[in-house]
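Okay, so subunit A shows up in both of these, paired with subunit B first and subunit C after.
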Partner chain A sequence: MDFYYGMAQLIGVHTLLGLSAYVVLLTGQVSMAQAGFFAIGAYLGGMLTVLAGWHIVPAMLLAAAASAVVATIVGFPALRVKGLMLVVATLAFGEAVRIFWFNFDYQIAKGNIQVGPLGGEGFKQIRYFPENGWSTGEVAIFIWVWVVIVMAAIWWMDRSRVGSVLRAVGEDELAAQSVGINLTAVKVSAMTIGGFIAGLGGGIYAHYTTHIEHLNFGVILATFAIAYPILGGLSSVIGVLIAVIFIQGFLVEVLRFMGDWRNLLFGALIVLAMNVRPDGLFDARATRTIRRLFGRQDA
Partner chain B sequence: MADFLQNCLDGIAIGAAYALLALGFTLIFGVLRRLNLSYGPSIMAGVFAGTAAYMAFNAGLAEVAIATVIGAVVVGAYIERLCFWAIRKDMAVASMVSSFVIWMQIEEGVTLLFPDRTYAFPGILADSVVEFGPFFLRASSLAMLAIAALAVLGLLALIYRTHFGLAVRAVSENPEAARVAGVNTGLVTLLAFACASALGGLAGFLIAAGDQQITPLFGLWATFKGLIAMMLGGMGSIPGAVLGGLLLGTVEANALWYLGVETRDLIAYMLLFAVLTFRPGGLMGQAALMARRAAESRV
Partner chain C sequence: MLELRNLSKHFGGVKAVDDLTLTVNEGEIFGLIGPNGSGKSTTVNLICGVFPTTSGAVLFEGRDITDAPSHRVVAAGITRTFQNIRLFGDLTVWQNLWVSQNSAAERGKGWFGRWLGGDRVGRGDAEDLLKFAGLEHRSGELARNLAFGEQRRLEMARALAAQPRLLLLDEPAAGMNAEEVSQLAARIKALRKYGMTILLVEHVMELVMGVTDRIAVLNFGQKIAEGAPAEIRENPAVRTAYLGTADA
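== the complex of A and B ==
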């Protein structure tokens, strides 16, 4: 049973990461900085519960807010560049964050052991859940409550005017600008929201793995973050969830029996999915089909 | 001051290798306008082909170099067919994500075939040192500089003096118009990709021969360094790639000397972020970017 709870935790955290990239991607920006925001949330969240002894919820919210502030600051200069150059600029930022944590030491004595982040060795003993007697199942439920809240919030945002504005910028910047949309405000807001969600996911991740190190937040995680919304499709938040389940659940777990050969097939299957469904696994047509199944006309 | 000059010499030596990697990147990007993250791993696969020839047949330097280049070209062509030819032209991000998963595939394949951490590689001029008064330079670095300079001249001649080069420039300028004018765009793209991979294979051979060893992590390293050097110089610009490579090498060597090994990569990423933010076209690509913007604003 613990295996399935662990699976649920992993899928939940990665869904949050994918959702953070989804919001930014709606405005047409491909950000490889999400792993960096995730790392900031993870380290700060861990430090607040372990070193400052905070309750986990305020710790996570403050860490996410800090990620959001960093995302805003990154958003402004990154606005000047587009497309591929934005990809590389944000990749550089994400790697800079990773190297920052690689060099960051801040340890205090707690009882008779030293706790806190220690450079290359990482941040061990983030034991908030075990110390407070949470079972694996309870942790999984806690994570999914957050996932549902964030998904519902983005779902609602998508259907409101805010979502239309984000998508308008993503579709055609020039057209959006000429109907009076402030591009700077929209793009920086999307970046800020993305940073907040990634920080939230990072805070949860640090607590359920209990040990984080800089290598967890490299280019692989950044690519996964952007791969989820692209593979899932930008028509709905459900796409992100489907892509996470497809990658983490199906490709990683179900193909585990293939041993070392799994990664070879893994790549081929994702490329195949991209070829067969270039707009994502859960594209606009799938949305329409489901609407029809429930007897609703196209909006 | 003497330290600084010696650092610059060391930096130029490693910068020559970065420049070669950046040239391959710039060629691919110039033609396809899409990013190939698997470029480094394809070089790594080529270098392992060279190692295999060295270990199995005790091949000489020239044969190892040929095996390296052929290996890189074969893997490069595989990537081009799967991630760029097969995926729709307007899905640049899907191509990037696909090239990333192919990276995982290549790395996994190589580690399965070569399970050890490092493998020996034949060296050229391994231990000799050239002295200029108080300064010195490894002979292998000098050889690398000379070969890099020859490669740049050869590439310039190929792109600006031959019929094939004209076709490459036409495809890069406007693929649709090139196709109408009777250029076989698919073939030209594949051949340009093969040229870039051959260049990368040459760079990989020179770097591995300088280090006299090779690890599967080389792929990551080559992608990052080549990408940063290309972006610094300006995407799609041949002189820019050389300038970017040399600049990156010099800055890294000085950062290593004055600030230490942990800060070196951080400085490199921050330099890249700053250049992209304040000069989005890179150091040499600004004019092209401005021309494109002017053209877009006229439309």
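== the complex of A and C ==
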């Protein structure tokens, strides 16, 4: 049973990561910085519960807010560049964050052991859940409550005017400007929202794994983050969830028996999926089919 | 209302717009015509802040809006359509209007109000606009599924949704048949009744001659004539620019 709880936790956290990239991608920006925001949320969230003794919820929220602030600051210079240059700029930022935590030491004595981040050794003993007697199942439920809240919030946002504005910017910047949309404000806002969600995911991640190190937050995680909304499609937040289940649940777990050959097939399957369903696994047509199943005709 | 003062735009050695001075008065339908490559669209792009001017100034209602970012130009009260239609194809007809209602009408609502309040402000206006554009039955359709003529009408409605006082139409009749052109002319005349000022950039002569009050003619980025449609029709310099010299 613990395996499935562990799986549910992983999928939940990666869904948050994917959703953070989804919001940014709506405005047409391919951001490789999400793993960096995720790392900031993870380290700060862990430090607040372990070193400052906070309850996990305010710790996560403050860590996410800090990620959002960093995302805003990064957003202004980064979003002046487009396309490949943006990918490179955000990738550089993500790596800079990782290197920061690689060099960062801040330990205090707790009882007879030292706790806190210790550079390359990582940040061990983030034991909020076990110390407070949470079972694995309870942690999984806790994670999914957050996933549902964030998904519902983005779902609602997508259907409000904000969603249309974000998509308008993603589709045609010149046209968006010419109907009075302030491109910088919209892109930086999307980056900020994305930073918050990634920070939230990071905060949860640090606590359920109990041990984080800089290597957890490298290019591979950044690639996963952007792969989810690209693979899942931008029709709906559900696409991100489906893509995470497809990658983490199916590709990573089911193909585990293949050993290191898995990675080869893994790449091939993603390329295949993108060719067969170029608008994402969960595209507009799938949305319509599901609506019909539930008896709701499209307008 | 709109004043261009010695406006110039050079792309390298090419003088796309060269020392252009003209004034559009409030309530007027002003035509800007000229052969291909004479700088008409460049002029529109300069007014809208798409790219920076080389020299000169753009004044709107007495305020200097030279090189202002596009969204500020919209907030000042100028919107436009594009020569090659630029709708948000993956948004519905309704959403195309929805995103546009965010400037003049909502000024003073604060940042959050502007983001979230679009539907409350503009629902009635948007329905009127859909009717005006003849798209009231298409509001849930994706913009890219519209027919060409419908797309042109939607783009005009989208520009109007931001409640401009000056509307720039960049070749709105391009690709239209005679019947569609006459419908367009009727729409432009209807807008005048609401007090809209219009700068019409156009190739199609019957449209320009039929609806405009005054016309300026560009050739190689320079203004070669200005006056009422009847005067322009008789102007020898204009004939030369359009048809070549008489003895050629």
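Assume the second predicted complex is superposed on the first by the 298 of 299 C-alpha atoms of A that agree within 3 Å, B and C clash if a C-alpha of one lies under 4 Å from a C-alpha of the other, contacts with A are read in each partner's own complex, and residues count from 1 in each chain.
Everything below uses one rule, namely that contacts are C-beta pairs under 8 Å (C-beta built on N, C-alpha and C of every residue); 3 or more make two chains touch, one makes a residue touch a chain.
What you see is a predicted model; the values in this text were computed from it and never measured.
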item	value
When subunit B and subunit C are modelled together on subunit A, clash or fit	fit
Touched partner set for A:Thr209, first subunit B, second subunit C, both or neither	neither
Three-chain overlay, vertex subunit A: subunit B-subunit C angle, C-alpha, nearest 10 degrees	80
Contacts of A:Ala89 with subunit B and subunit C, given as first, second, both or neither	first
First, second, both or neither for A:Gln107, with subunit B first and subunit C second	neither
Touched partner set for A:Val81, first subunit B, second subunit C, both or neither	first
Per-residue touch tally on subunit A - higher for subunit B or for subunit C	B
Partner chain(s) touched by A:Gly180 [first = subunit B, second = subunit C, both, neither]	second
First (subunit B), second (subunit C), both or neither touched by A:Arg161	second
Touched partner set for A:Ile230, first subunit B, second subunit C, both or neither	first
Shortest CA-CA distance in Å separating subunit B from subunit C in the superposed model	6
Residues of subunit A contacting subunit B in one complex and subunit C in the other	none
Residue numbers on subunit A that touch subunit B, as the complex places them	30, 77-78, 80-85, 87-89, 92-93, 95-96, 99-100, 102-103, 219, 223, 226-227, 230-231, 260-261, 263-264, 266-268, 270-271, 274-275, 278
Interface residues, subunit B side, partner subunit A - complex	29, 33-35, 37, 82-83, 86-88, 91-94, 96-98, 100-105, 107-109, 112, 220, 224, 227-228, 231, 235, 262-263, 265-266, 269-270, 272-273, 276-278, 280
Of subunit C, residues touching subunit A in the complex	48, 50, 69-71, 74-75, 79-80, 82, 86-92, 95, 98-100, 102-103, 115-119, 139-140, 158-159, 161-162
Residues of subunit A that touch subunit C when the two form their complex	160-162, 164-165, 167-168, 171-172, 174-183, 298-299
